[in-house]
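So that we are looking at the same thing, I have put the structure below in structure tokens.
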Amino acid sequence: MLSPEEWEAVRLTLEVAARAVGFGLPLAIVTAWLLARTRFPGRPVLNALVHLPLVLPPVVTGWLLLILFGVRGPIGTLLFDWFGIRLVFTTAGASLACAVMTFPVMVRAIRLSLEGLDPGLEQAARSLGAGRLDRLFTVTLPLASPGILVGAVVAYATCLGEFGAVITFAANIPGETQTLPLAIYAALQVPGGEAKAAQLSLVSFTLAVIGLLLSELLGRRLNRRLGR
Amino acid sequence: MLSPEEWEAVRLTLEVAARAVGFGLPLAIVTAWLLARTRFPGRPVLNALVHLPLVLPPVVTGWLLLILFGVRGPIGTLLFDWFGIRLVFTTAGASLACAVMTFPVMVRAIRLSLEGLDPGLEQAARSLGAGRLDRLFTVTLPLASPGILVGAVVAYATCLGEFGAVITFAANIPGETQTLPLAIYAALQVPGGEAKAAQLSLVSFTLAVIGLLLSELLGRRLNRRLGR
Amino acid sequence: TVFAAASLTDALKDVASVWVKQGHPAPRLSFAASSTLARQIEQGAPANLFASADEKWMNYLVDRHLIAADTRRSLLGNDLVLVVPANHPRHVDIRPGFDFASLLGRDGRLAMGDPTHVPAGIYAEQALKKLGVWNAVSPHLARAEDVRAALLLVERGEAPAGIVYGTDAAVSKGVMVAGIFPADTHDPVTYPFAVTKAGDTPEARALLAFLAGPEARAIFVKRGFKVE
Amino acid sequence: MSLSVRLRHRFPDIALDVEFAVPDPGVTVLFGPSGAGKSSIIAAVAGLLRTDAARIEVGGTPLADTGSGLWLPPEKRRVGLVFQDARLFPHMSVETNLRYGLRRAPQGPIRLDTVVDLLGIRALLPRRPRTLSGGERQRVAIGRALLAQPRLLLMDEPLASLDASRKAEIMPYLTQLKTDLRLPVLYVTHAPDEVAQLADWVVLVESGRVVGHGPVSEIAARADLPFAQRDDAGALLLAEIAESDGRRALTRLVAGGASFWVPLLDGPIGTRHRIRIPAREIILATRAPEAISLHNVVPGRVRRIAPEGPRRSVLVEIGLPDGALLSRVTIDAIARLGLGEGAEVLALIKSTSIEVLPG
Amino acid sequence: MSLSVRLRHRFPDIALDVEFAVPDPGVTVLFGPSGAGKSSIIAAVAGLLRTDAARIEVGGTPLADTGSGLWLPPEKRRVGLVFQDARLFPHMSVETNLRYGLRRAPQGPIRLDTVVDLLGIRALLPRRPRTLSGGERQRVAIGRALLAQPRLLLMDEPLASLDASRKAEIMPYLTQLKTDLRLPVLYVTHAPDEVAQLADWVVLVESGRVVGHGPVSEIAARADLPFAQRDDAGALLLAEIAESDGRRALTRLVAGGASFWVPLLDGPIGTRHRIRIPAREIILATRAPEAISLHNVVPGRVRRIAPEGPRRSVLVEIGLPDGALLSRVTIDAIARLGLGEGAEVLALIKSTSIEVLPG
């Protein structure tokens, strides 16, 4: 049904999504916590920056990434010189692009959950001797877990569909950075490729449905645990 | 600083965003409520459909919209025959594309808020004689208002940056459907257009920051009202 | 690695498979918009060969000394054609001052690539100007992101006519060619190929030579391209 | 306006199997230890807990009958509900909270101003719930439930977080609701003073079952039920004013066929009250004492001497012509006075020991 | 382990200005009407409410001193806090909730098993908080606070939702904590029985200010303070067992320089107790009566007759050699017996009227 190259794209998509969620989520949690719970001078700037990938067309985001993380870019040079890491045109780069694109939504979902928490429970934890980080890990985050889950699901789904930033930053290299959306794009660029595109879209959709079902199950368990 | 045509793009972007949020939000609320509070046979399907625009590359979404809402499409035909409404190539169409693209995130944010509510308050409303809709408007939605606000903000921001679906469905018609992201994209396609693209991106970013600041203010008030 | 314009996807894949059959290692192919590819090469992308859909992005790289200038050659050409939906077949005699108004109807639009950046759109603008109908037609354009999108608009009947490449029109079942723009109405449609400076290997040069060779030509012709 | 409840429900750890019927309007108190199932009964009657089996009727109207598949949704039941936690709407002011049920109810006799003054919450009206103290919150919740003009009032420990003087203000109003509006009330409390003052009917619940159930005067005077095992047990009698002596500042009440002098009460002859006489405040004697600040020497006959209660004492049920008193005395006293079942005895009662409660 | 608190804070509608110091470890009860500021004081001592000005010391260690800018965060104060609402962690089992503070505290004397059995929550350990009843929840919250091995215990109406028998089990344990661990406790309650049984020191709070403050026996016998205006006022005396008569099942206690016979108590001679004698259960006489079930005829002298209290009665403060009793009698009785300040009088007290509480 699918060609080996397309299977490879499926595998790659899942890998990219996994990496993007895996690396993006912790950072998103920290950012959401900073935005929800602290008041520091640079807060509005951080808030605006977080939303940037949403506000700019994906191609522009990809282009900015290229400029920042490219081999000639300021961060890219550092990474390469110090760690020998190269992001552009690699799977890692595709994951980065994808993580950046979903970052705003992850942060918003987690922040929404954090801001909806009952402050009384954290007060209770304090009175029981739990310090800031302790509280964060034992009370705040578990209670915000439905928001974290939503962040992860949305990020996963977005990675299945993210195209502009990935192709611009990481190029469209089969087996390396050609994820499903890029393959779909490629198919659409070819006269008569609609059937192929539709087929790949269906694959993408199937992956999404599987992810969604899992997340619904998990979400229901989380909510039950939290007594809702 | 900006050419009249670019000012027009700014105006149009705001109009598209406003329409997208204005029409999308109520629908998103209904959908979120259905997903959060009811169990009906088609629920998983609805859930999957809602996420579709996230999962597919934007171009494909635009393409699907064209098939559905185009003059030959099933819905497009109905709309045209009954109401004389034409969506393709119009501002309304751009808004539709934009609304569809942001729909998943709006729904998730609102649903997250709904699922986080204390069921006890709705029980209290019931015991006071409030029926389903009554409860929804007087208790559930006000309590979920932070989530609705997040949905609106994210939708607004997305509209500022949404490109693929809009151009595919509504094309790039100055004064009609050429929003900022389309103008930015066009600028980037020309060698040496980076400066223009950067300038327009800055405009876009400014609009986003204004929206964000307003939403932060409003959000803080909402949360204060809810006693958080 | 070959960086090639997305419209060459199928043709180049076919050529590559023949090349592999002859015992060469498989080249990696990355398809995207010419602008994206050029910027990536500028940022140090590991490309050996660049196949652009228009001259200006090739010039862009040449100006930056990123291309082995001696290898640049325009291998392929294409026709610019006027298409109409297949279910409303008609023939148009393309000559100076021909009646676009009647072709488009009262509020129909002419679908074509965005003349500000899409090569096919630029050629089309040249042709329409030469034919003296540009001023009449330009308010009625549906500017698409690329040729494929323009074609889609005609296929779906959204636009009563469109200007695309002959290769695209040939494959699509939804449209028929109503007329071919005479070659003297626009600059020749060419696809420049070249080896990049950074990736200037004997292998790359050999592949470029193969692309100019008879086996490759046969494939290109089969796909509807004109070859030199 | 009778109330009849029959419920069966299985929680993982405890099974609820409850049945009781109250013939008249009035306050039915659910009494029992923590975890007995009182709140669950309230929730089921309100329609918020869907029990496995239920048959609930108020004044002849069925609210639920799982047999015939009837299950009125909570919003159709018109039951006013005060939760154990206040559950105020955080996004509304106190006033909007109060008006929430009022606006949705048919025109009714319970007025906003009355309730606000009664509960002492006028100064709180513009405030947000989160700024209220625990007791303030609970008072608003009571007001909100009352204003919904319910045809049945369910109250789950409504006064637990209030001080005695505030309670003393609210309780008579609840009594008045019952008499004036014939409003049945189902009331959960752990406080004996609330039982004495409000209860017409008592349902004793323990681990999901009803262990005793009847009019409060009957339950209160039964030495064998858990209700009388309490340290502060005491008989409850329905009384009427027989005469008032302004000069001595005393009023004579007739209750259970005997006379009781209490400190002067307002109200004409015939006014109905209820009196509660704590068991440990009744002194028994076989001869009338002299020169004592005591006004009441009530003759009776020992009906039952209940096995040793708490603190090495016995509970003596003393039959009056039409009712009973409970007296807790030491074993030693029984011996000294030579009391036995059927013996004639005098109950000595300080007039101030008699709690006079509104009828 | 003394406790001293000084707070000032402005809420929009009420200003808090409170100062009190307790010399010894023991239970200090905050008593006052709803909205007086009790929970706010607790929150400030816990560090959860940052007041405009504060100086708080426990056993000489300052927890907060806005003068010098000291404000220990709540997690550093090691105060166990029981909130008015239980605030259990919904995502943890009951057991995990209990262990939350335990795990974070230094090794301490309060053991999980002891607390679990005391509170009767062993069967609840694996359950989730949302499935608990109101009283079960509150018991878990008490256990959680105790297990954090606090050096100061703050309890805001911890027993309000519990039934009398459960309360009777928990209160002695709290008393024991105080004596065995020398743990100071700041305790909010509206229930007079909790005051009588637990309080060593009483702080009367009204609209944000302290209106009275002292050892419980002093506050309880003061006819002029709000605490004695209550219907169930009564004197509190510290007592010691003087002799026990097994045959008559009586024990004689010495308190305030007088003897009181009460139903037999366990414990050797010298065991310390506290006794509470409700004012309305004391009968006054000028001549000793005969043939009566009464064991206690305590001579004293009228010290003060307080202006008419509730229900047309007067409160009589009767001086004992070393303490005081309160008796509520009718105006008529005063007249009949011809009592005036300084008059010799006999206080007749049923032995069962004397509440004997752990010392």
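Residue numbering begins at 1 within each chain, and the chains themselves are lettered A, B, C, D and E in the order written.
The definition used in the following text is that a contact is a pair of C-beta atoms (placed from the backbone, for glycine too) under 8 Å apart; a residue touches a chain by one contact, two chains touch by 3 or more.
Predicted, not measured: the structure shown is a model, and the values here were computed from it.
Enquirer: Give the chains in contact with both chain A and chain B, ordered by label.
Expert: Both chain A and chain B are touched by C, going by the contact rule given at the top.
Enquirer: Suppose chain centres are the mean of their C-alpha atoms. Which chain sits farthest from chain E?
Expert: It is C.
Enquirer: Suppose each chain is reduced to the average of its Cα coordinates; what separation in Å results between chain C and chain E?
Expert: 90
Enquirer: Distance between chain D and chain E based on Cα centroids, please, to the nearest Å.
Expert: Centre separation, chain D to chain E: 26 Å.
Enquirer: What whole-Å value do you get for the distance between chain A and chain D if each is reduced to the mean of its CA atoms?
Expert: 60
Enquirer: Could you grab the centroid distance between chain A and chain C? Build each centroid from C-alpha atoms only and quote it in angstrom.
Expert: Averaging C-alpha atoms per chain gives centres 35 Å apart.
Enquirer: Where in chain A do residues touch at least two different other chains?
Expert: Residues 59, 63, 185, 188 of chain A touch two or more partner chains.
Enquirer: Enumerate the residues of chain D that touch no fewer than two other chains.
Expert: In chain D, residues 85 touch at least two other chains, as defined above.
Enquirer: Would you please write down the residue numbers of chain C that are in contact with two or more other chains?
Expert: none
Enquirer: Name the touching chain pairs, would you?
Expert: Chains touch in the following pairs: A-B, A-C, A-E, B-C, B-D, D-E.
Enquirer: Going by the contact rule at the top, pick out the chain E residues touching chain D in the complex.
Expert: That would be residues 11-13, 32-35, 38-40, 84-85, 123, 127, 131-136, 139, 156-157, 160-166, 190, 192, 230-231, 248-250, 262-264, 278, 280-281, 283-287, 289-295, 311-313, 328-333, 335-337, 348, 350-353, 355-356 of chain E.
Enquirer: What residues on chain A touch chain C, complex-wise?
Expert: Per the stated touch rule, the residues are 59, 62-63, 66-67, 70-73, 88-89, 167-168, 171-178, 185-186, 188-193.
Enquirer: Which stretch or stretches of chain B touch chain A in the complex?
Expert: Of all residues in chain B, those touching chain A are 44, 47-48, 51-60, 63, 104-105, 108-109, 111-113, 115-119, 146-147, 150, 153-154, 157-158, 160-164, 181, 184-185, 188, 194, 197, 201, 204-205, 207-209, 212-213, 216, 219, 223, 228.
Enquirer: Of all residues in chain E, which touch chain A in the complex?
Expert: 46-48, 73-75, 77-81, 83, 85, 87-91, 100-101, 104-105, 128-130, 144-145, 148
Enquirer: Looking at the complex, which residues from chain C come into contact with chain B?
Expert: 33, 35, 38, 56-57, 59-60, 109, 111, 114, 116-118, 141-145, 149, 152-153, 156-158
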